[in-house]
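Consider the two complexes below, in which chain A is the common component and chain B and chain C are the respective partners.
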Partner chain A sequence: MKERKTSVFDGLLADNTVLSSLMVISPVIVCGDTLRNAAALIAAFSVITFFSVMISSFVPRKIPYAARIVSYAVISSLIYIPVRIAAGEFWPEAVERIGIYFPLLAVNSLIVFQTEARFFRMKRTNMVLSLVFYILGFDAVMLVTAFVRELLAYGTINSMMTDTPMLISGLGKPFGGFIFLGMLCGIYRKIRSAAGHRKEEEQEE
Partner chain B sequence: MLKKAERERHTFPDMMLTLLVLVLMAFFYHGIHALMLAAVCAAFSLAAEMISVKFLGREFRYGDLMCITDGIILSLMMPASMAYRAAAAGSVFAVVCAKNVFGGRKNMIFSPAAAGYIFMLTSWKKDMLSFPETYAHTGFFADTEGLASSASHIYNTTGRMEHTGYEILMGSFSGPMGGVSILLLMIAAAVLILRKDISAGAFAGTIASTVLFAAIAAEHGTKMRTAALAVAMNMVLFAAVYIVSDKRLAPRKAHFAFFYGFFTAAAAYILVLTMAKENAIVIVSVLMAPAALGFRTLEDKIDILSAEEVSAKEAE
Partner chain C sequence: MFIVNEIIVLLASNLILMQALGTSTLFIAAGSRKQLLTTAGIITIFTTTGSAAAFVCDKITGGEKVISLLMYTVSVGVLYMLLLSALYFFSRELFVKIRRYIHISAFNCAVMGTLFTISGKAAQDSALMHFGSYVGAGLQAGAGFVIAALILSAAYGRLCSAEVPASFRGFPAMLIYLGIISMAVYALS
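Moving on to the complex of A and B:
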């Protein structure tokens, strides 16, 4: 297998958090059916993940691995509290609709797994940039998914009615979210593979 | 091997013949819209199949034409007043998401028509469960007024059946376009079983289970009447012929297929009895997909072990 050169920008396109690594897919599938839900989730995910990983990067490496992971979860849970209060002020209905998936953001894969597997092996500057782009990768997919699903399932954009000729309410349900995300993953991988082939051909030339 | 290939070649024309008869009956009862609905579903299924086969990097072969039957089966499960756009979306979903995403006709997991039906039921529930009266001919663009619940729904919720036996046999009651023509479905079942185009075991198991459970749980009328109505209502006979007994999905060995059909129908009947779930057998057939796959895997293992035993004996 050819080794691909990694970059700090990978999290957005080349190794997208959701489409490539299939991380944090539950909120996208279950709650990513309207732009309001997406906005609440994006804000919470971005703030919790960024600050949790940044603070967790100062946890000493001498502590055993299992204890470190527990400490990351505790840190993110503490950060979750003010985020939840703020989200409740800005998006009260969305937070209620999102339900259990909101607190689950506090223990998403980027915090409990990717910290040790990727981020903490990088230099701090690269780590911050890479983290930002991984967060942006999730945000982008969440926005696109929520926009398309809300338009096709409910005929609205950010709760404003549009003149959509046909509504497919199944897309607003979790099974519709699964299928839509699966299709999106397939299209993403096809584009990435085609782009990879083209780059190889250009390099050979 | 050659006989198997020859047999598979006549499955498509046989299925199309029986389905076209049902479509013609639907045209007789509901007018041009019923015919157009079947045509739209067939056309969109074919287009979706051709495009997705190209994406899979394969050639479009004769066996891929079964997508047309899937489209027509799906259309026959709809009301005659269904919108063309919704029917087209359902057909594309059935072919692309329920079949080709998993590898196409060689790796089928669900009946595409059943999965398409469930997709349409969740997306357009009110439209899918509102039916025009028999002989109410809808024009090219269906008149959505005057729609009512199906006879199956009324029977499930109240236990009353106001149609005579003759009307039920002829399909002269409100319901899905193809699911109501009981006499035609019985003839289609006989033709397809004798031609070995559908699984006789799965069909027998489905009907046997429905009749048995209906006779046991008969509340209104005689056991015989309840059993007959249980088979005629809720698309049980239609699903038994075109979905549960689909040879692409049902277990190959007759006894395995019988049990697969038996448990599918049993679960569906329980849903009908307890939740008055209309057309539950179509929903249950998708849920029972793992069981069908399990049976097929078991059959493959048995075949491999038998082949190994035979070759070991020959080696001795």
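Moving on to the complex of A and C:
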């Protein structure tokens, strides 16, 4: 029971999609500079990834690996079409701002490769729960990154002005995204390692 | 001076350093210099041939954004299967050695991002809407990936050494390093 619980929640913290596995980092680095971008990316990523992995799980394991990979990519590209049309109707500005990173969400490595390595080895109920937490893991990192970068780079929170004393405009650029994500990744590892040590000490006691 | 200018142009239009496209793939392949360069070489094949296919797709669809992803995915999928089949019949030994790199090189942000970037530029400037322009841009994107791979492989050993604090060793240090290089390229451009 304990093992099942751990594996299901892994995607949120212990094996975070972005900070631990370094998957889907391009949109976080380039578009994760404002909360508005983040909200649009989170919505698109969550819907596309969830439905793509769920439908891909019905692809027979008997067909060769390369053909399966192609079929996962084609399925997610098909899911992208209604999502893109709906996003164009409801958030036309966001679609414009995100640009090429919107379609690239559909061919992310979580869908194309990690489906085989992680999700399809689980029972269906566990797979659904695990997938939800992997998606939430991405969403959480995207939100934190966008909040901090928007505040420090532009002095706003969701486009509302704040009286931030010092602005670091470079944080809004891709190089700022690289550096910020690197720092966040390092801090995440430090916290994870400290939490691991604490658990070991508790077990020894 | 011409060479220096060309290098600056290659760096300024670099997919990884300026748009962070293919960064995950670069890190997956970063385990060894040989692995990194093999992956970069195969990605160049995909960006170049994929760009040629993207030209045909854009001609058929008229650059319709909603279905372009599906068209590009099918094209890259066909190229992926063709490359694997060709390699299998050419040399089984080579197939076993490099099929892993082909798997990680086909569907990633570097290849798909290149196709969307080229298509976007062609949509803005009709002078770029020809076969040579697409293939040239695909080749340039691949060369940019090779340059980024070389830049990363030059510092890989140090970024993963015991001198770097454990929490930042490896991927976090690589991200910060790429950020600093990206900042320098941003200043150049």
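One rule holds for everything that comes next: the second predicted complex is superposed on the first by the 199 of 205 C-alpha atoms of A that agree within 3 Å, B and C clash if a C-alpha of one lies under 4 Å from a C-alpha of the other, contacts with A are read in each partner's own complex, and residues count from 1 in each chain.
The rule we apply is simple: a residue touches a chain if its C-beta (ideal position, glycine included) is under 8 Å from a C-beta of that chain, and two chains touch if they have at least 3 such contacts.
None of these values were measured; they are calculated from a predicted model.
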item: First (chain B), second (chain C), both or neither touched by A:Gly196; value: neither
item: Which of chain B and chain C A:Met166 touches, first, second, both or neither; value: first
item: Touched partner set for A:Pro92, first chain B, second chain C, both or neither; value: neither
item: Partner chain in contact with A:Ile187 - chain B first, chain C second, else both or neither; value: second
item: First, second, both or neither for A:Leu78, with chain B first and chain C second; value: second
item: Touched partner set for A:Ser26, first chain B, second chain C, both or neither; value: second
item: Chain B versus chain C as contact partner of A:Phe175, first or second or both or neither; value: both
item: Chain B or chain C, by number of chain A residues touched; value: C
item: Overlap of the chain B and chain C footprints on chain A, listed as residue numbers; value: 170, 173, 175-176, 179, 182-183, 186
item: Footprint of chain A on chain C - complex, ascending; value: 17-24, 27, 65-70, 73-74, 76-77, 80-81, 84, 103-104, 106-109, 112-113, 116-117, 120, 165-168, 171-180, 182-183, 186
item: Touch list for chain A against partner chain B, complex; value: 165-171, 173, 175-176, 179, 182-183, 186
item: Chain A partner contacts - residues on chain B that touch it in the complex; value: 83, 85-86, 89, 97, 101, 119, 122-125
item: Residues of chain A that touch chain C when the two form their complex; value: 22-26, 29-30, 65-67, 69-70, 73-74, 77-78, 80-81, 84-85, 88, 99-100, 103-104, 106-109, 112-113, 170, 173-179, 181-183, 185-187, 189-190, 193
